[in-house]
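So that you can tell them apart, the chains are marked A, B and C in the order they are listed, and the count of residues begins at 1 in each.
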């Protein structure tokens, strides 16, 4: 029983690392623009699918990964430039629908390019499972977890130690004030989208060897990343990371201990509970609404 | 003006089968259009007039459909009674959820309604013994209206046309009523409405329940008309499509929502041949309308039309 | 030009015109398949096969001097779309017969409609409910899940294994298969010690397999189709589960081996002889038919799969019935399909009857194993 639990934990932390990265992307964009980017999950999907295509075309894996990440960042910047910028200042409902539309467009393009088939990426360092205390761990899982730790650490350092990062955070606290002190909000916006797209792409490439990827892979990932950001408290990047890990573990435990069929329902019921009772998130700060 | 619009709809609906007798597209697609108009008009009351976003509306559609399906197929209930049960279920769930959900705003509300939709969808897929699981359940008996069995395409067309007109008429009445005015106040500014003494919680709860009832009603009709239901008809994508219809037509306009429903359903049918491009077109449409015509296509077009009309009329005078 | 010559020419033209008009009245075969989606490696070869056969027969002049027209829709594995497309095929496209329904879910969803409208349907799916109880207008050409279960249990008996763990998906075929596995277990002395399930669109089954790993199962049976069994197979390897793994005929295609990768080595399943055609003895009556289809298909499309074989059988039986019926009168065609006897197809030798709308027996199935990335016949199976 204990070793089963341990196995669930391993799965949970692996997939939780993924949600953490996606949630981080959400939080960064929200910080810079007050917009929830429903296309975040598609960045993950695009990164994975592009890398898969490049590898199939003969590129060595590391190069394919880098190119895929760059392409996805380009898509993220294009999204910002052509969909978000023209509609700055629109109502919340409008921007939600715009990003949903963008997500659907990206999915539609992916469908045209890659069809509905499933594809896999070769594992970075082999498929031989590692045995650890009764549970088995894939080397790829270690890659996912390790990369997540590294990336989160880098982003954290960026946000707290560099001027650019602090400027990005400033936008979330008060955009008008940020502009007054000379921060170019437009540039911050682009930075946020580019960074989120990059993070998403990396996450996608990391997880692709473990689970198959397809044009639809982004939907649930995006939603769960969004949940991670909510649980962590919107606007709190590190909270989103914690939220993601929590969500991943919860999902794995729910699937293992309660029912694997209902695992999505369990996750969303938990999120609904958080929304009903602690809407600013488990790690967020209470905010006041302006009238 | 409003009544004129209703008459136009009624005449249009009546004329189509006369002009194109025994036509697959008119009878079968027309029924589909009618049902989605009911759904869109109901959702529009919530989104357009009360300003609340709901990304889980397909759940109520599904509740009505499955209630009718399960009760008539497995328990041999008469279809009207099953429909009432479906309405009661959807209404109850909406009423219970309204308070906690509608306290949220913006993205939180979007997420909450989305989560709700997904939970209901999972239930539909997993409760295999009741719902037949992901492959759905069939052999649903035809709708029986007090002895009159709705079992031909033409009869279905008639029933759904009447139901659609009823829904539009109801919506127009609600919008013009006291509740409707309260809703519009909420949409303008909830805080201002509260300071004016409007019971915003009550108004929002009422509209949430009403829109859920519209959806469940459409769901029951859908189940009997298709004689088959599966969870795919009530997924997140369907909820997004419903939102698209309302938004496309123009929120806060009953006819706008109807227009959006008609446009999108017809588009869907005609794009069947270009199936692979459909998703791309759908998403692009959504984005373009929201970026350039956020008040909706119908409203935007009718405004444009009015401007053009005025320009023509007063051309001589302004010279 | 004299009158006689002119009249002859006119008559010839008239005859030619009539012929053209007559020949232009095509036989319409409708089809709904899962060409895309999780079951795409079933539907895609099916579509290609149907198109290939139609092209070939049209080049030879068609059937009853009429060309064949194939009208198909892609359901993507969505039962609701399957029903809508079938309604369209019947009422808008007005087809004469339907060969299709890649998946059991899609087929079961449309059965009430074809029964109501009196349209002959030859399904390519596996669930036994499709033809048991027998429905007037519904036939099928793929082996049933019951047969697959029996074949797997036979093999287990031969290997001396008796405790099995089941893991199945949520599709119609999966559920039906699981039902058959449970029903037949006592007959073969098999004990089911674990019974897990997953969603057909899931991408990770390690949780379910972890629970199975903790049980005392001696073998694993995964009954499903599409890409989920490939994921299960990979997960089994990833979790280090060392038990013999059996699949169903829902994955009898090279694509499954490609998707599952090295994890597929040693996997066994019951399949139509098509995938091991070369290994059959020359005396086997199926061999020439299989090799002919295989060579024709592989010249253009890549490795064969049993699903393309089902499509081949479906359309050949349909056309043969139309030919025997002398036209496309649906009731007559239906009667002729029921009388199909001794038809050597890609899935076996068919012998239908009013009680049996499938016509295959257990020996139409062979137990095969994946070795070195390809299918091989398991010798000790009959």
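Basically, a residue touches a chain if its C-beta (ideal position, glycine included) is under 8 Å from a C-beta of that chain, and two chains touch if they have at least 3 such contacts.
All figures in this text were calculated on a predicted structure; none of them were measured in a lab.
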Name the shape of the chain contact graph, picking from line, ring, star, complete and other. complete
If you tally the C-beta contacts for A-C and for B-C, which one comes out higher? A-C
State the chain with the largest centre-to-centre distance from chain A, centres being mean CA positions. C
On a C-alpha centroid basis, what's the spacing between chain A and chain B, in Å? 32
Can you check how far apart chain B and chain C are, centre to centre, with Cα atoms defining each centre and the answer in Å? 39
The positions of chain B in contact with two or more other chains are 125
If a residue has to touch 2 or more other chains to count, which residues of chain C qualify? 170, 199
Going by residue number, chain A touches two or more other chains at 261
Touching chain A in the complex, chain B uses residues 47, 51, 53, 100-101, 104-108, 110-112, 114-116, 118-119, 122-123, 125-126, 189, 191, 236, 240, 243-244, 247, 276-287, 290-292, 294
Name, in rising order, each residue of chain C that touches chain B in their complex. 73-74, 78-81, 83, 87-88, 91-92, 104-105, 108-109, 111-113, 170-172, 175, 199-200
For the complex, which residues does chain A have touching chain C? 1, 3-4, 7-8, 11, 15, 115-118, 120, 127, 129, 131, 135-136, 138, 210-212, 216-217, 252, 255-256, 260-261
What part of chain C is in contact with chain A in the complex they form? 36-38, 40, 76, 170, 196-199, 201-208, 210-211, 214, 227, 230-231, 237-240, 259, 261-263
Sites on chain A touched by chain B in the complex: 36, 83, 86-87, 90-94, 96-98, 100-109, 111-112, 219, 223, 226-227, 230, 234, 259, 261-262, 264-265, 268-269, 271-272, 275-276, 279, 289, 291
